[in-house]
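Mind looking over this structure? Questions follow.
Chain IDs A, B, C and D follow the sequence of writing; residue 1 opens each chain.
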Amino acid sequence: MGVVTPADRELDALAAEAAPFARLAMVEDVLNLARANSLWPLTFGLACCAIEMMAAGASRYDLDRFGAGVFRPSPRQADLMILAGTISRKMAPVIRTLWDQMPAPKWAISMGGCTISGGPFKYPGEYAISEGAEKFMPIDVHVPGCPPRPEALIAGLLKLEEKIKRGRRFGRAG
Amino acid sequence: MSALHALLAGPLGGFGATLLVGVVGIMGYLTFNVLFLIWLERKVAGHIQRRLGPMEVGPHGVLQTVADMLKLLGKQLLTPVATDRFVYLLAPLLVFLPTMCVASLIPLGRAQAFADMPYGLIIIVTLSGLTVLAIFMAGWASNNKYAVLGGMRSVAQVVAYEIPVLLAVLSVVLVAGTTNLHQLVTNPWPRLLGVPVPYGVVEPLAAVIFFIGITAETNRAPFDIPEAESELVGGFHTEYSGMRFAMFFFAEYTNMLVLGALGATLFLGGFRGPFQGAVPLLGPVYLLLKTYLVVFVMMWARWTFPRLRFDQLMSFAWKLLIPLALANLVATAVVLGVLA
Amino acid sequence: MDALGASVSAPTEHPFSGAAEARWVAPGRLVEASRVLREAGYFFESMTCVDRIAAHGVFELIYTFNRWEAASRVAFRVWAPATEPVPSISGVFGAANWNEREAWEFYGLAFSGHPNLTWLLLPEGTEFHPLLKSFTAPPASSYDDSLTAPPPPDDAHPPAHH
Amino acid sequence: MRTHPPTTDPLDTYTLNMGPQHPSTHGVLRLLLTLRGEEIVTAEPVIGYSHRAHEKMAENRTYAQFLPNTSRQDYLSGMIYNFAWVEAVEKMAGIPVPERALVARVILAEFNRIASHLLWIGAFLLDLGAPTPFLYCWDDREAILFLLESVTGSRLTYASGRFGGLARDLDADFPRRAREVIAKLRARWPEYDRLIEDNVIFRNRAIGVGVLTRDQCRSYGVTGPTLRGSGVPYDVRKAEPYGAYPRFEFDIPTRPEGDVFARYWVRVQEMRQSVRIIEQALDQLPGGPFLEPGSIGVKKRLKLPVGTQYYAVESARGHYGILLVSEGGAEPYRAKFRTPSYPNLAVLTEAMPGTLVADAVAILGSTDLVMPEVDR
């Protein structure tokens, strides 16, 4: 370490102030366990992938087995945003608003090629779509496919559960 | 329960002990009940819909609602900027107070009612209409058009369905000759062909009207228009998150239980059942079994029927249920008069 | 059909198939001609704009109409100069309203007498016409800047403690 | 209800913005409703939230490269769209198609139509607040998807058409499995009728609601089951027979009322007709090649003669038209897709005023919209 600048000291002070009053690791673990097992997705579909997302919630695949079948139509009550379908440029600001309306802690799964990178609708000079959701919001799990099968979405969900149980969010180690 | 009561009565005095046992007992039980009912709802829904419902959290998902509750506890509480803050925060607290009070009035057994009042039934009917006030507060304070619409619908709906419920209850009161819930159960039952039968058998129409009425009052499908998901997103609770939202859930399921228990007490014989005289502890068991039967039928209806439209709901209450309930009341009075 | 009057002279090197009748209509007679079809019981099937600016300096508009009773597609082909507005037929066929808005936003072709000529599919305020052959890529400014900005530093994503 | 005169007084009304994220806008439609209480004064659909520029893409890709796009326009009846593109190109290029492929296309397309209608019934009932039929329909739909997947390799967005046939042949076991699925569907229909059609709440929500007159349909170019619910027996399969359809006997179910219930009834009957077609096609399924020997397939660059062609098929939602303009190159000069949901949505601006918010949801649901198909 080199010179400690005033800015660094300020940061340290800030960190000390922002540190939790008491570290309740057990409680955090239990909470994370509960969070992982109770991921309520937002009722929100964009295109083709939304149909497979609905299929994942329907009888044969039954997301409710994992406690993730409670699709909430209001972003205020959702924990998980499953971005399923192509994000058009007209839709992107709306999605960002929805994401901002969700209360923390929240997670996002990008389902299908379109929300990962623009998918099949990306070509030089395209004008209509936003090339991937990560341009404007954080994504926890990517589920590739066009569209991914419901099993793939379930696998993505289980990956997300693992991630939550380890207490990591948005790529930051805990 | 009574031993515990005696133990606490030493330091706290009789009233204090009753209050403590009552509050802790009721709160504890209601919390458990909500967790159980939500799980039950999801399992019932699952099995009606050719799937399993929660399976992974605990055996057959029994811990699913515990996880949900813990998660909701740890959720950020968002208060949208444009809300009427005081009312917005007050509504979720108010929403289950009336239900709590009603819960304490339901007789659980021969000597077990937390509050045994001579006019218990009247108080219950009065209190159960209050929940809607909190719902309207929530809808109005949220400053969201969907929420306001939901709140308005809720008020209109409860006003309309209180009346047939009241009239149906009155029919039973006429037959039983008392408004004390405890006496209503313990009084000699009416006899049909020499066999004592619960009031539901002699007043089947009142029972059906009462059931429809409480389904509407608890905002359950097919009368769930105040929170109609496909129309109003979340209705009155659209803007609520985390525990505040959970409170509404809590209130809805508690309301189901309490009104179901009231229905069981009025029409299905309450805590009375075989051998209950010999084993008093069976009383609450019988009551709960009957209550959960009513609740189960409500769930069954929810997962089977489409939702009514708002004007249809209104005309159903005003043009069909209320005249029917009135006619039933008059018929009951006439029959009783003739028999007397 | 003869009430439509004589066809205008137009190039013949683009044959049209899939219709019982395809005829060239002058822009000025479009409303009148479509009204004839409306009264004869035709429904509005589709409208297509084709960019022929490079070769001829015009847009080719292809309207197709059809009947329920006996399928007999009629195609109107309009050779519309790129700079002049085409008369709107949204007063005759309700469906033309959206189709004309689409042609306007995708090609910049104006329609006179249209009640609400504004963006339909593209975000409001879009300044390019993407289906023109001369269009290559949208200008960089067409992205919503607020989206690419980093998320606000709020308490929404606290790092988990371990 | 509805005793007030229509009003546009701004003090008397308010605006409700439904969507683009709303449980019953099926994806990303936005409806701007002007309301007076719960009564709709005006309804203005705002679309484009899933505009993906299919038409621009068509100009940038070869005919074969564009094939996967077609099934993404309407992902619920993607097979029909896929074959429509293939057939349009075949017709323009004069590519012959073997008999087996023609009949197999009909079988696959009709199964796809049933799957689409099943999904619609479920989603529509969900809009009306009944969640259970949704799951029943999806359960049945999975059986069809499983069958289609065994032929095409994908569940939803098929690319199984080839210029001159099919990508893969129906295997020897296919007819037996297809008949099993049909038997399963047949067994389910009485259940649906009892659960949905005979339900008094459903009938009250659906009968007399959202009437579309014949003239409105004509003005907007409404087609498909939505039009047939208004009593017009227009079906591209009969009006302009294509593929192997002329060989099969089937009826066009219509109902004169034009309300939500009529549209529901028509779709339910159409599934029965589709099964009828499939059974005939399975009986007549000829042997021989499934892809014209020496045909173009997708590998080589295909060039179409100069000209403009309009080609139409009947998709699950109605008249799907492809207008292809070729300048002789390997890519289309212009491809316009006349999608059925587009006019079916546009007409709602006239059908919705005067109804209630709950009706708006029912009407919207009854027209069976697929938003990416509207927006393209």
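In the analysis below, a residue touches a chain if its C-beta (ideal position, glycine included) is under 8 Å from a C-beta of that chain, and two chains touch if they have at least 3 such contacts.
Just so we're clear, the structure is a prediction, and the values are computed from it rather than from any experiment.
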Give, as an integer number of Å, the spacing between the C-alpha centres of chain C and chain B.
-> 58
Can you give the whole-Å distance between the Cα centres of chain A and chain C?
-> 39
Approximately how many whole Å separate the CA-defined centres of chain B and chain D?
-> 44
Measure off the straight-line distance from the CA centroid of chain A to the CA centroid of chain B, and report it in whole Å.
-> 37
In chain D, the residues touching two or more other chains are 22-23, 48, 51, 53, 56, 135-136, 139, 375
Shared-interface residues of chain C (touching two or more other chains) are 121-123, 130, 155-156
Note: chain A residues in touch with at least two other chains are 43, 58-60, 73, 90, 103-105, 125, 127-128
Between the chains shown, work out who touches whom and classify the graph as line, ring, star, complete or other.
-> other
Pull out all the chain pairs that touch, please.
-> A-B, A-C, A-D, B-D, C-D
Residues of chain A defined as touching chain D within the complex = 42-48, 50-52, 54-55, 58-60, 73, 75, 85-86, 88, 90-91, 94, 98, 120-121, 123, 125-129, 146-147, 149
Mind pulling up the chain D residues that touch chain B in the complex?
-> 1, 14, 16, 22-24, 38, 125-132, 135-136, 139, 195, 199, 201-202, 204-205, 356-359, 361
What part of chain A is in contact with chain C in the complex they form?
-> 20, 23, 25, 28, 32, 89-90, 92-93, 96, 100, 103-106, 124-125, 127-128, 130, 135-138, 167-170, 172, 174
Could you pull out which chain D residues touch chain A in their complex?
-> 20-23, 26-28, 48-53, 56-57, 60, 68-69, 72, 75-76, 119, 134-136, 138-139, 142, 155-157, 371-372, 375
Can you list the chain B residues touching chain D in their complex?
-> 45, 48-51, 145-146, 149, 221-222, 224-225, 228-233, 303-312
